[in-house]
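Think of it as A, B, C and D in the order they're written, each chain with its own count starting at 1.
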Amino acid sequence: MDRRSTLTGPLLIVNPKAYLGGGETLRLARLTDELAGQFGITTIFTAQHVDLRMIAEATEHLVVTAQHMDPLVPGRGMGRILPEGLVEAGVGAVVLNHAEHPLTLDELDRTIARARATGLATIVCADSDAQCRAVATLGPDVMICEPTSAIGTGRMDAGDYVERTTRIVKEVDANILVIQAAGVSTGEDVARVLAQGADGSGGTSGILQHPDHRRILSDMYTALRTAKP
Amino acid sequence: MDRRSTLTGPLLIVNPKAYLGGGETLRLARLTDELAGQFGITTIFTAQHVDLRMIAEATEHLVVTAQHMDPLVPGRGMGRILPEGLVEAGVGAVVLNHAEHPLTLDELDRTIARARATGLATIVCADSDAQCRAVATLGPDVMICEPTSAIGTGRMDAGDYVERTTRIVKEVDANILVIQAAGVSTGEDVARVLAQGADGSGGTSGILQHPDHRRILSDMYTALRTAKP
Amino acid sequence: MDRRSTLTGPLLIVNPKAYLGGGETLRLARLTDELAGQFGITTIFTAQHVDLRMIAEATEHLVVTAQHMDPLVPGRGMGRILPEGLVEAGVGAVVLNHAEHPLTLDELDRTIARARATGLATIVCADSDAQCRAVATLGPDVMICEPTSAIGTGRMDAGDYVERTTRIVKEVDANILVIQAAGVSTGEDVARVLAQGADGSGGTSGILQHPDHRRILSDMYTALRTAKP
Amino acid sequence: MDRRSTLTGPLLIVNPKAYLGGGETLRLARLTDELAGQFGITTIFTAQHVDLRMIAEATEHLVVTAQHMDPLVPGRGMGRILPEGLVEAGVGAVVLNHAEHPLTLDELDRTIARARATGLATIVCADSDAQCRAVATLGPDVMICEPTSAIGTGRMDAGDYVERTTRIVKEVDANILVIQAAGVSTGEDVARVLAQGADGSGGTSGILQHPDHRRILSDMYTALRTAKP
């Protein structure tokens, strides 16, 4: 299956960053896969590079997603992540320019080009209004708009960040799917950002720190399914 | 098996960098594994992160080695490589500070500390005499001394780089195993650097670009076995 | 004098990078200043940070320009360049994101914001079409469109790079002045890029390596004055 | 005067980082210069690059010191700091590898080599025991040992960090002068670190945030003169 083709909204992103690895990530991936199948919602699941093939082999419904890759072509590049290697392992997408791994504009441009050339979907992060607009012009498949100051806080932006940045992206390129996940930790939060224009949500700490992963994921999926046009 | 315990000289390093990935890396790993078993020589085999678990599962005699990792503890660190995730996948060692992925002294120090805490062997690269001496004081298990200007050239240093830098490392810490691989592309090259004091050799282009991988690896292993005390 | 207010086209940029310093830079600055006054052309003159105040004090007609600055506010930031310090020294503009000092998108955005807050004009470099478009959305005062592969070659792009990237920038924001200087080394080269739509030109090696600085600068200024509307 | 030749202990370092610039830095430099002359103590005074020449011209007794430089040779290197340019401006030394501007081991090695070739003294920062030992092997003129966690706190390390790291450096190379300044904010603090083996002290916030710069500097100089052998 070309998992990339499933990138239609609404979207859930489950992004364990470096909080989990190995068996724990696999358990979360299997649970998410089961629910993704039940709810029929496009689901981006990121993992440590070393775990990506294992997760791709163990799941059916997830867009298995790398947390970074480099604009390498086969050759030199010791310790860097080769796009072709990800594709061969069953990866369908890659997150780029996260606040914890910022890229130069030149790297970002060249890495998006390599993703296109190898068939990987791109999910690119941006912070301020200006960065959201600039990234949108590069034509990624998905964007994560996230004010850096809110990452990991469990608090949502009090102002109109969600509506404003979603609109900015759509004005540049209406085909880009926008994920708003900063501070999202409940199904209600997911419903709210969808009501404010986002195509998807999800997160890291809001899911991982919940005592019942099945429950929080089901709540989020329910909100996404309800919003589905 | 704790594969790290096998880090005794003489050593062969097979380092495909980003030249190969997926099935091609697996084929080379299986061939190397077969010969490593036959010759009984400690063998460091590096791979793209996404391929490490597959190689660890498919081989018996290799020290499966990551080409980089970060000094992360579980938590944030989107797109960075978590040491615990490598260990759980069967990785036994990590290369750090390669010329294609240089680290700040602070990162190098903290990453070596994380490797020790998680049981990974460290293989640290250094270039000039001064860098070889400085890295040796950090107490890595293995060092790769390599003049940057010679990487990938297929030409060996005409002067006394091999003898000089090996001696510098051993004077600081006689327990560090020294790999000299710059410009090495034949069994004779391997024999020569061992005669000049090195504990190991191998490489990237010298092996990958040889038309017959079994033959070049066998030549190198023969040189290493002959030199074995 | 608020030298920034002089940023109207046509523009000459004289950019000695790290080829010169101290007295040699001062001589070139004085010569350029004399000609800038004679020809009445807006002239961006960059220098090593340590020389900026001296050049601002010794010249009248130049937009004295830093080759980089950081998005610092007064406080920590050992070894980084503070915007307020540049302003106080008489600097009027700053070049950002040059291929030899690329910035993350986040740094670029924040540094442009700091430049605005402190009254410095921004001159931002970009390479590919996509990068030119993305940078233009950030609203710099001036852009240098330059295909990295042509820097320092003395050869101009054979294709339509100049026309194409100038048009891309102007479509996003018609107020941005576009400098095209890659491979420019004669007055004819300057005339050609102006005819292709650029607002300015100039360079590094094309000027510095010319045996007669007065002559090459006069040739370039003549081309700029001729084109002046 | 070759100001570098004055680098004999005891030493005071006055390091305004990016807290000050322009006229404020000049005032502090003049005050420090006056006291440095009176007390006859070697004094390292750092400043923003743009202010270095002005300070060198306005003072007599200070080792005017850059907060960073790059391993450039004259040529390309847009936005990077050229060693020769610093020397020509009257700079006598450079701080490298500060926690706010960490360098790769390779950069640090090459930049120290450039400093030697151009006659600049090197003042290199290090954090952990292992980093202090590694940096000492590179042969800088002066080291600043500083546990990152204490920078800017106004609190001194409760344990034996000062004695231990000073001893580690001296064991590697007894000629390196060791500055211990973390958390130092009074003359008594300076006396204490000297009693614990350091060759110098000083700082940033401990001096800048004191309401009376003349008084805090005089207190520190008195402590240094008292300790002078």
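Operating definition for what follows: contacts are C-beta pairs under 8 Å (C-beta built on N, C-alpha and C of every residue); 3 or more make two chains touch, one makes a residue touch a chain.
The structure displayed is predicted, hence computed values, not measured ones.
Chains that touch both chain A and chain C are absent from this assembly.
Most remote chain with respect to chain C, judged by CA-atom centres, is B.
Note: centroid distance chain B to chain C, computed from Cα atoms, is 45 Å. Centroids built from CA atoms put chain D at 38 Å from chain B. With centres set at the average Cα position, the gap from chain A to chain B is 34 Å. In chain B, 99 are the positions where the chain touches two or more neighbouring chains simultaneously. Pairs of chains that satisfy the touch definition comprise A-B, A-C, B-D, C-D. Listing the residues of chain A that touch chain C in their complex gives 97, 99, 102-109, 112-113, 126-128, 130-131, 133-135, 137-139, 148, 172. Of all residues in chain C, only 15, 17-23, 48-54, 66-68, 72, 74-82, 84-86, 88-89, 91, 95, 98-101, 152 touch chain D in the complex they form.
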